[in-house]
Amino acid sequence: MNIHEYQAKDILRANGIPVPPGEVATTADQAVAVAEQFGGTVVVKAQVHSGGRGKAGGVKLAATTAEVREHAENILGMTISGLTVEKILVTPAEDIDTEAYVGVLIDRKSQAATFMVSAEGGIDIEEVAHTNPDAIRKLTVDPRYGLMNHQAYWLANSLYENAGLAKQTAKIIRQLYAAFTSSGASMIEINPLITTKSGEVKAIDAKMSIDDSELFRHPELVEYRDLSAEPAAETKAREADLSYVKLDGNVGCCVNGAGLAMATMDLVKYYGGEPANFLDIGGSSNPEKVVSALEIITSDPNVKVILFNIFGGITRGDDVARGIVEATKRIDIKPPIVIRLTGTNEKEGLEILAEAGFTAFSSMDEVVEQAVKIVNAG
Amino acid sequence: MAIFVDEATRLVVQGITGRDGSFHTLQMMEYGTAVVAGVTPGKGGQTFEGLEGVGVPIFNSMDEAVAETGANASAVYVPPAFAAGAVEEAADAGVSLVVAITEGVPVQDMARAHAFARDRGARVLGPNCPGVISPGKAKVGIIPGNIVTPGPVGVISRSGTLTYEAVIHLTNAGIGQTTCVGIGGDPLIGTNFVDALEAFADDADTEAIVMIGEIGGTDEQEAAQWVSDHLEIPVVGFIAGQTAPPGRRMGHAGAIISGASGTAEEKMKAFEDNGISVAKRPADIAGLIQGVLSA
Amino acid sequence: MNIHEYQAKDILRANGIPVPPGEVATTADQAVAVAEQFGGTVVVKAQVHSGGRGKAGGVKLAATTAEVREHAENILGMTISGLTVEKILVTPAEDIDTEAYVGVLIDRKSQAATFMVSAEGGIDIEEVAHTNPDAIRKLTVDPRYGLMNHQAYWLANSLYENAGLAKQTAKIIRQLYAAFTSSGASMIEINPLITTKSGEVKAIDAKMSIDDSELFRHPELVEYRDLSAEPAAETKAREADLSYVKLDGNVGCCVNGAGLAMATMDLVKYYGGEPANFLDIGGSSNPEKVVSALEIITSDPNVKVILFNIFGGITRGDDVARGIVEATKRIDIKPPIVIRLTGTNEKEGLEILAEAGFTAFSSMDEVVEQAVKIVNAG
Amino acid sequence: MAIFVDEATRLVVQGITGRDGSFHTLQMMEYGTAVVAGVTPGKGGQTFEGLEGVGVPIFNSMDEAVAETGANASAVYVPPAFAAGAVEEAADAGVSLVVAITEGVPVQDMARAHAFARDRGARVLGPNCPGVISPGKAKVGIIPGNIVTPGPVGVISRSGTLTYEAVIHLTNAGIGQTTCVGIGGDPLIGTNFVDALEAFADDADTEAIVMIGEIGGTDEQEAAQWVSDHLEIPVVGFIAGQTAPPGRRMGHAGAIISGASGTAEEKMKAFEDNGISVAKRPADIAGLIQGVLSA
């Protein structure tokens, strides 16, 4: 789960990291009030789950009240990477001397939290990792020991020769690791970490993702979820414990298992169609979940055909069949439904479907070809 | 022969009295796996009713289960909040294989559990994996027993049902399997492609390997390199997620394209660059395997 | 640093461990007031840094107000292992079903925190370790992982077959480990850990030592030091950063280095004398420390001779000599002083001493023989 | 030959600019130890003025010091709150010996540091130890160089000045030493008696060993057993603290009799039971060694 800059900053502050003050505004009037409270030049920053906010015009310096109003009005409502800006962060402008990058994420290869720091701040770390890997210092934290003091210094020393700056930064790095572990994060980036001309080190931008599997431990972080930042159908899917990602095609897909769901989407494309979504009904599905899945798929007006691809393992064919029949009774489903159903309780499932007037394919290729034929004919 | 599980496997089911644990215990017993014990804290002393009147003793802890039954493997069906702890408990009790089925285990929990299992010399499969089946010998996990058949092909996959899809094509084409391994869809898994490949490389009966990857991470790329550097038997590959958008998690916690990294395209290229035939559709896997086996 | 039962219980409570309420009283009136507040039968417990309080009559059940007063009056002022009871803890009597022992300490051999638990509660764990080691379950906590959940259960399962009791106990054991690490303890004992007839698990007695080297991190624990529980000379020594232990003999010893200080005491005994104290002036000694050391030694009226045994390494002979001379000027030292001084800056030291009228020996045996001769003659 | 330190020792002093660190750096240099670097965070780039105009470069961190100078050992003179961290830093930087002089290091800090050093394969001496000296070759720590002389006796001790007391008797009697090791007076030390005995057992030049113990713990008892089981050269022992009362810490954090355990009496008995001659007074050590050497 991605959270906003202002939320990430709250977490960093709570862990002792120096972060300049800032307040969120949803109107230009609010933004002006906040700016007047801080006095001096402020930065107005779009709060959306997307990189490249600066390039998109979502981050502006404002020296006067008039400028604050102007920028706030422009940025609120702006669309960045398909997301509408509904909140802006207003924060005092800092007297920046240097900018660095400090990030920590779960690294698959080393199976542990891994820090990356670079004296080239304000950069795209992936970009630098490709073009100039020597500019990055990397450290894997052994989960048995946690981040050790000398390791924090080893990272900090690569950013600053100045002992005072390195000391402040080593402390920030330790606090960052504490924030990472205590909030169940999968990634935190401070970019840039700045030094001011007066010799202070501060975090002036932050990006953070929480491991969804940790959320049960952090009810306070669940509150951070920005429902306005995702399609309503995805919210509904999450509440129904389904994995759903909306795409731009017209073949609605309902599959059990993430790998098979991706392979199904790929096969739709292979046969000349475009998938409308990724949807995994999960392992231990019950009829109610299938009903929810159909509600979600049919809420997408682009969907012209609904394709079920079920290979029963834990999932039982009769449960899915019952769910399909139940859904057709409860909701008015316009697009035709094509079904592949095999595996556990296949026979019982096919009988239930036949009774309700559905026929089912036994191969994945057949059902996908059929679905694509329908949309191409439609 | 086979890898990871076979007739010598003596299994403890952790969370045997739970919904999934009890269901799959019966399935595993039906397949012929020697389920020698179950663990559910607080239910020690009770008996799990297995197939045809065969009772499985339940213990409060793994150490008792192992001490009393000589178990050498475990399957973890406990809820996410306790799953990493269950892996640690199993590794501490001395089993050599821990198959973690549970999905949604906190990743930082698993970082510690994986480190601990390494220290204890226990192999972890998963978490968020369908487990492992050696046709005709034993299964640990949830892979349906009726889709596999003994034979010369090793199967490794990050996915559950997609594996079934691939395996049923093999079985229908008369091509059996030595072992089918689901390594799991999480970012941090105990046994990755290279680990499983190494095991198959040591298995004299495995004559070809099917490797089913998906978007996210670089495990497939490293495996491709390893195949090219070390493996003497042919490999057929498939990658799911060619149509997945970047930055979105596709069901599996590990199935996400970060920036330009972890795409299906680069994985397929890595396969091809390293002499691995790439199937365009799951249905093509069997044909490609047939080709390499008869070559 | 040993702390009192009531202080240890405060720490356990702060870590979530169920501990019955209790209040400290220094007079019988206070004790009665506390007992009335709780109502019912209470236990009156002497608060001294000593085991065997029960056997010494320092722990009494009181069913009535009269009994509370009687016991409080008896226990306050009582002497247990040479310590005067100045505080009592009044706590409600519990409905005890079973008693167990749970302890954790730093184990030298495994170099880590080690738990010992036994279903035989209320016992002397060392005694049981000798007579019936199978009655103890022992677990070393790998400092790389901390106490793992299954390990806490492994310990708890050895105490109770009942699942509910084992679960409560596993939680208490985890909380105990948290208390141990967060307070820098070297030992915590819950003895007994009881079960009540209603099925609750509680800690009703606790013993705890804090690692002196951790105290700089825990100013709140420094407050727990009971100065009334130690001789004033030891308090003064600690404040002067000297290691001092009062003994019953009459040869006052002043040595640099703990091992040499013990060997000096042993040699006093070997030659037929009795050491009055252990005193290590430490490595980097300065003249002021020597003055403090002499003040402390001479505050013991038993001391009949003062024996210096200095083998200069880090310690410089001239510093010690200057300290001795300075002390004889500032304080009125009655007992004769005999000195052995060798090693670093020996020559300078001997000159300073000679100027002030002292002669010094160069061997340890000679100076000890001389000291013993003086007291035996005296 | 010698153990732990010799002419090949290339030393970094951690805390070189502190009061004790700077004083003992000069002493070590005077004795001939190759002090190749110092570490004081924030003073990197400066130079420590050594003997006769020899400057020692100061670095901000151990990894820089080791990378730049090829150091293979370190001595820790940093304050207690940072000492365990300094040991960890040294072990992580790859030195094979870390001599921790600092007294008063929190014991739980050291539990972690010792575990880490073991994982990294670094030997720790101490903390709260006087260090080690191989007469005529090198010294690391604070043992006075003028009391030792080369020869065939190995000395191991938990104590500082008591070691000097024993060694000066040897030296005065014309008996030299291969190496004198102070293992430290703390409860958790990196190198215990058995570890040091093993090292001396492998040293061809060591013909006899002096072992100086004290009250607290059971390290001496285990060492006595080890001597009886494995050692082929004679050992002379001494135990300090026969007159120490139980339950009181005698200066050293580790010098405390707990209940009936760790007394001088039981340690002396363990020595005698395992063929170790016990000196009644420090002054007797030299005579006993003379006896065993000429036997």
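For clarity, chains are labelled A, B, C and D in written order, and residue numbers in each chain start from 1.
Operating definition for what follows: a residue touches a chain if its C-beta (ideal position, glycine included) is under 8 Å from a C-beta of that chain, and two chains touch if they have at least 3 such contacts.
Since the structure is predicted, the reported quantities are computational estimates derived from the model, not experimental observations.
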item: Partner chains that subunit A and subunit B have in common; value: C
item: Contact-graph distance - origin subunit B, target subunit C; value: 1
item: Between A-C and C-D, the pair joined by more C-beta contacts; value: C-D
item: Subunit B-subunit D separation of Cα centroids, rounded to whole Å; value: 51
item: Mean-CA-position distance for subunit D and subunit C (Å); value: 27
item: Length of the line joining the C-alpha centres of subunit A and subunit D, rounded to whole Å; value: 55
item: Subunit B residues counted as touching two or more neighbouring chains; value: 112, 116
item: Subunit C: positions in contact with at least two other chains; value: 144-145
item: Chain contact topology (line, ring, star, complete or other); value: other
item: Chains that touch, pairwise; value: A-B, A-C, A-D, B-C, C-D
item: Footprint of subunit D on subunit C - complex, ascending; value: 106, 108-109, 111-113, 126, 142-144, 181, 184, 186, 211-214, 216-217, 243, 245, 247, 255-263, 265-270, 275, 278, 280, 283-284, 311-315, 342-344, 363-365
item: Residue ranges of subunit C in contact with subunit A within the complex; value: 144-145
item: Residue ranges of subunit C in contact with subunit B within the complex; value: 145, 148-151, 153-154, 157, 163-164, 166-167
item: Contact set on subunit D toward subunit A in their complex; value: 41-44, 60-64, 82, 85-86, 88-89, 92, 112, 116
item: Complex interface listing, subunit B residues touching subunit A; value: 19-20, 23-24, 80-81, 103-108, 110-112, 114-116, 119, 130, 142-144, 147, 157-165, 168, 185, 187-188, 212, 214-215, 217-219, 238, 240-245, 248-255, 258-261, 264, 280-283
